[in-house]
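In what follows, subunit A forms one complex with subunit B and a second complex with subunit C.
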Partner chain A sequence: MAAPASTQTVDLVARFPDSVSADARPGYTGFIVKKENLLEVATAIRDEFGYDLLTAVTGVDYIAENKMEVVYHAYKTTGGAGLTFKVQVDRVDPVEVPSVVGIWAGADFQEREAWDLLGIKFTGHPDLRRILMWEGYEGHPLRKDWKEPFFEEEAKPFKSRWPDGQHTFAENKNPFRDNLKFPEGFDPEAYQPENEDDLYASLERFRSKGENDRLKTDHIVVNMGPHHPSTHGVLRVAVTLDGETITGLKPVMGYLHRNHDKIGERNTYLQIIPYTDRLDYFNSMSNNFGYVTTIEKLMKIPVAERAEYIRVIMAELSRIQNHLIFIGMLMNDLGTMYTPSLYAFEERELVLDIFEAVSGARMMCNYFRFGGVVRDIPDFAMQKIKDLVFDRLPAKTDEMERFLNENEVLVARLKGIHVLNAEDAIKYSVTGPVLRAAGVPYDLRRAEPYSVYDRFDFDVAVRHNADMMDNYLIRFDEIRQSLRILEQAIKQIPEGPINSQKPAYQVRVPAGEAYGRIESPKGELGFYVVSNGKPNPYRYHVRPASFVNLQAVESMCIGAKIADFVALLAMFDIVMGELDR
Partner chain B sequence: MENEKLSLPNYNIPEDLENVVAITTLDRLYNWGRRSSVWPLMFGLACCAIEMIAAQTARYDMARFGMEVMRPTPRQADMMLVSGTVTKKMLPAIIRLYNQMPEPKYVVAMGACASSGGPFKEGYNVVAGIDKFLPVDVYIPGCPPTPQALIAGMIKLQEKIDKQSIKKVRWYEKGKVDSNYVPMPVLGPDLIDVRRNAEIKQAASQKTTQESA
Partner chain C sequence: MYGKGILKGLSVTWKRFWDTYTEDISWMVRGKKRYNTQEGIAHRSSKDTKGIFTVQYPEEQLIQPEEFRYVPFLVYDEGEEGKKEIRCTSCGICAKVCPPQCIWIVRTNDPSTGRPVPVPTNFYIDMDICMNCGFCAEYCPFDAIKMDHDFDIASYERNVYNLEKLLKPASYYNSIRPENAAREDEARRAKEALKAAKAEAKPAAAA
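Let's look at the complex of A and B:
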């Protein structure tokens, strides 16, 4: 699959001859915008050219050229190729770039992440705090001159492990005998930890100033999490409450920040695949899909025909079990403890059986390879897939709907509780089922088809009320559409090789950049990879759906009741492994 | 009761009374009660938590071993299942939860990450194993461990409980209230384990002298 050359269809240089130039580096696409004109150009990109959805914002540290680069990927919700534009600044502290939050509110978290991990200061950002690490942490880890405490070498495979293993424990090399790194002469007894005043101050923005003449009450701050049964992992939310009404809300994350990007930049291209499994751990197949699609774009290699179908089958099975779990867990959050989720998990186990049969692992499949997949589907597994797709899953989906959809309590809790309207969803870069439930038929399988999705006949599930009920029902719609795709894929799947390449431990990836994205069950899952021709990626960045979608949670919940918060949060179907990476 | 192996082997109980009467020791009775009603803390960290949920569901059904009552509050829990990667940012919360659990309490490290840092060990925000802070009773290997492996680990924990004696357990020892209290780590320029303050101070100053020399 070739990289879309159509990113150049918009002639930004002709519109801004003085401030924009085409990115002429080999393997790169897009435009380089002068820092001073960024806001002007960005406004034109949104308003004149119609790129209303800013999906990814990230930074790259080009230390050899003494430059920092911020990369923006903007798309149209009507579909089609995207527009990549970049800002380059000198790598002299403070590295400052104007914030585009005023133009696309969806840049909020991603700019905070770039500040946290790369130390790029976005001037004009309303709330520029660290997001994944804590305030007071030393250094910006993704800078190329920053070394983690267990640093061994710049790139894997480490010389101590290969070709002959002479490995010593990482602890023995660190002066603190642990995964620790302190500045010189650090005195822990004299240290005053940072408090969280900044966090609580940021809540003030939405506090009502007692304009009405109701009973005067105090606002209280409640911290939910990071240990809370219904935040779907280790998410923490600081909420201010006026009685039961939420008046301010800030998600606090990073409790599962496992340094995916940094470890990825040390790994070889192939070594990253098992790490992508652990992003959204419900859908390791989808994560694999997104990553290999991106690298294949860079490598410009074809994918074996049979493997394309296997990929689609696996990704759609994954979507079905994800949505079933979503429904089960939503019921948990609403108080129907366990019973519906037991029904969901029963079906999930059957899907996992198939994953185990093809890949050897239930959850962490590590199944995709560049150019194909690692193993063919055995006959008995194919039979199981057919049984599930043609027989069991349609019946079970009907059954779930029959049991749940008209339940009085469920309808009372879900119907009419507003989630997000289309305008806000686009503004906050929300993708996936939440966007589609707001009436925007934006599904990457249609908007910019990847793999062989253009060969299947299916509808983009869309609903228009944007309330919780629609967000819930759209999951069933998507299961049905996935089943439709699966039926066609099973019928059409050709015989043949499962990989267009020879199996290799090391792949050659030509220098350049690529942004690959797929429609994961949670929304748009993107990977931004910069290669410099070496065996390891120079920059490896994940644009997770959960993380970006969560930006809307603040404006969505202000004014709602605290009791609805848990259900509103559930709508985004967040997974912490993907959110914090 | 015979299925529970509660009775001591040397006593002949008439057949019709076998399920009614048991002759046993206090330790055995006490441990039988505890091992069969371990209440885990409902506490998921990462990927392993999903397999923990899967182990609760119909196909694996951990309830068969008396461990299904997940409690979201640490005050009611007996066992902390550290199910996933322990990050530095999360660690203070984990320690606080552990300190809030009443004795007797057990810690099970589920998966490679909780046992040693696992695939993420090299990460700057990852604690290389929860055993650097909490006393771990059972380690379960795997990434993530299958539900079967988790159940096997739970059975190991039951075996451990079986071997304990009221006379020796730490929570009945005189003058040893809160014997397992773990001081809260501090989030500074990096994670500060306050028990190691002197060591950290020394190592940090040594580095200065080495580099200046």
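Let's look at the complex of A and C:
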């Protein structure tokens, strides 16, 4: 059952008759705000209407209409439907839109991303640098007139593949540099990497305001990563230190960037599903879930009843193994080499066995389809799920808690180290366990139930101290709640078909837009898709939890000790596949 | 008491250590082999496994479920005198649905009429680009392309498979995916029976 289309609960037009109009394009919802009044309207949206959480900011390049549009999705942390508002500007460089960072600090990275990939300049943004591509990169890849180096055609399927497909390696057809664009007067042979003054200048902002009066110390810049075992992938963090205390910090990312959005726009709707597996590669089931829910919203098709339960089962199993790995990897970061993480990996293997039996692959599951799932759960796999849910996993979770929770060293490292308070977490658009550990019971499975989550009896895990200990313990709470959901899902799962649609390799998606979101183990995973009725999406945007959550890392770590930094970063449970896309 | 938590944790590791050896010994006492046997591997990936349950790859391998997928291959039916009856009709659906577009198909045209003949002249799959998604097998209307279980294909060269290298007999397919093959054969037979019945009904109706 698709969730009812988000009804507009606020009448923004009545409040701002001169500057706001309803978006009347067929298939679109929300409001169009005049650029000049954006900040005024946005402030009212936050303060008067109570939309305190700005989850997604992205742009769309409507090249035919010669317009650029910035789309904002705001929600209330008390739950309920969201508010979508947009700003349209002419597509003439420089494309300028006022920045809303002053209203929702959580717009920071996403505005930088829109600048980087779409070339929308956010005036008033405190630190508008490229974020996924490097400084000095030419062009804005998500613009519709930008072509990638191995460009073949605007959209798949490519004509050269059939009926007379002759195999050619892409690199032979488009030798390196043949269709790369360089800035005028650029000589690739003489290229020297840009110096990183901008990055370090952005660190300067935090250079200690109250100078250390007893002893004059120099600040040192330390670069951690991108090849550092504890940054959970190729994340680089530039830190300035005053002794052992962090005084400034900037994450540098994009080392694993492959422009997932652009790949998606070249693909057909179906072809995107296996690509979403590669976002947060620990939870391909959740990624599939988020994407197909969004497209089902656009297509307005129902989901087979049995498939809904199968989806929930898979998503919750995925959450359990993700949180176990989180716990294991956190121990690694704290210096408990390997034993706890291997214990976690053992249970994960058993969950992956199930994924393999139902979907064919352990990690890249590619299991969900529009209207249902690929195939039913085989009997032996169902038995395995029951064994794990009713028998093994509860016992193993207890064992893990017995193993770690009271360990004095662990408690000393975690207890009382502040992560994020509720106010800051909301300000920076942080979602997921970190937000809930700060006392905000915001879980999309409750706040805006999707799929069949409204039929299950479970509690939203919340803790109130907002320290590392709570952030750690809340994962156990969530595992327990997931097990509760699983028990009910297994008992209630009805017989029946597993897809409401006939299998089709091309789906028809009516023109319009949709923003779909689910509670992935790491936070809110959102997909914003614009269709123009063609077989390929016009705009496909992923709002990954890791990326948006990371915005808070800077303010969170300032004042902390460098020794705690690795563990603080681990709290966000980032995955680079999703962060860099 | 300081250190109590650590000791409590150590009891868990100690138990795991103990379990690992007692499991091994109990299998030995019962005269069974815990390692290098299907039974042993199956037990080690069940809920009852205790202690360390590493599968000693490559000496041992996890049991592959039927749905396990790696790269695709083309199925042919074994005709008389070992004639390969390729199921593929070169309809091109797999090439269209393939997300990274790593399938190339050369359709055969009848030289005299120029009309397409339902058999591929050549068929290429770039296995280095294949993302193992399984779409080709899922959407092929003729059960002609299927996902393989054999994953040992690492090599120093780039793996572009042509028709010859892609073809594998239906008996092989039946052996790796017995349930799927049986289901599909059943469906195909039913379809053919329906077609035959229709063909029979037609002249009868005309008469």
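Going forward, the second predicted complex is superposed on the first by the 548 of 581 C-alpha atoms of A that agree within 3 Å, B and C clash if a C-alpha of one lies under 4 Å from a C-alpha of the other, contacts with A are read in each partner's own complex, and residues count from 1 in each chain.
The rule we apply is simple: a contact is a pair of C-beta atoms (placed from the backbone, for glycine too) under 8 Å apart; a residue touches a chain by one contact, two chains touch by 3 or more.
All values derive from a computational prediction rather than experimental measurement.
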item	value
Partner chain(s) touched by A:G136 [first = subunit B, second = subunit C, both, neither]	first
Touched partner set for A:G165, first subunit B, second subunit C, both or neither	second
Partner chain in contact with A:P274 - subunit B first, subunit C second, else both or neither	both
Partner chain in contact with A:D187 - subunit B first, subunit C second, else both or neither	first
Partner chain in contact with A:H227 - subunit B first, subunit C second, else both or neither	first
Contacts of A:Y255 with subunit B and subunit C, given as first, second, both or neither	first
Touching partner for A:R15 - first (subunit B), second (subunit C), both, neither	neither
Which superposed partner A:R455 touches (first subunit B, second subunit C, both, neither)	neither
Which of subunit B and subunit C A:L388 touches, first, second, both or neither	second
Set intersection of subunit A contacts, subunit C complex versus subunit B complex	152, 274-275, 346, 349, 364
Subunit A residues touching subunit C - in the complex, by the definition given at the top	152, 156-158, 160-167, 169, 267-268, 270-275, 339, 343, 346, 349-350, 353, 356-361, 364, 366, 374-375, 378, 381, 384, 387-388, 391-392, 399, 402-411, 503, 505
In the complex with subunit B, residue positions of subunit A that touch it	132-134, 136-138, 141, 148-150, 152, 170-171, 175-189, 191, 193-194, 226-229, 233-234, 254-259, 262-263, 266, 274-275, 278, 281-282, 341-342, 345-346, 348-349, 362-364, 576-577
In the complex, subunit C residues that touch subunit A	2-6, 8-9, 11-13, 16, 45-47, 52-53, 62, 64-69, 90, 92-93, 95-99, 101, 103-107, 116, 124, 126, 131-135, 138-139, 147, 158, 160, 162
Interfacial residue positions of subunit B with respect to subunit A in the complex	42-47, 49-51, 53-54, 57-59, 72, 84-85, 87, 89-90, 93, 97, 117, 119-128, 132, 143-144, 146, 186-194, 197, 199-201, 203-208, 211
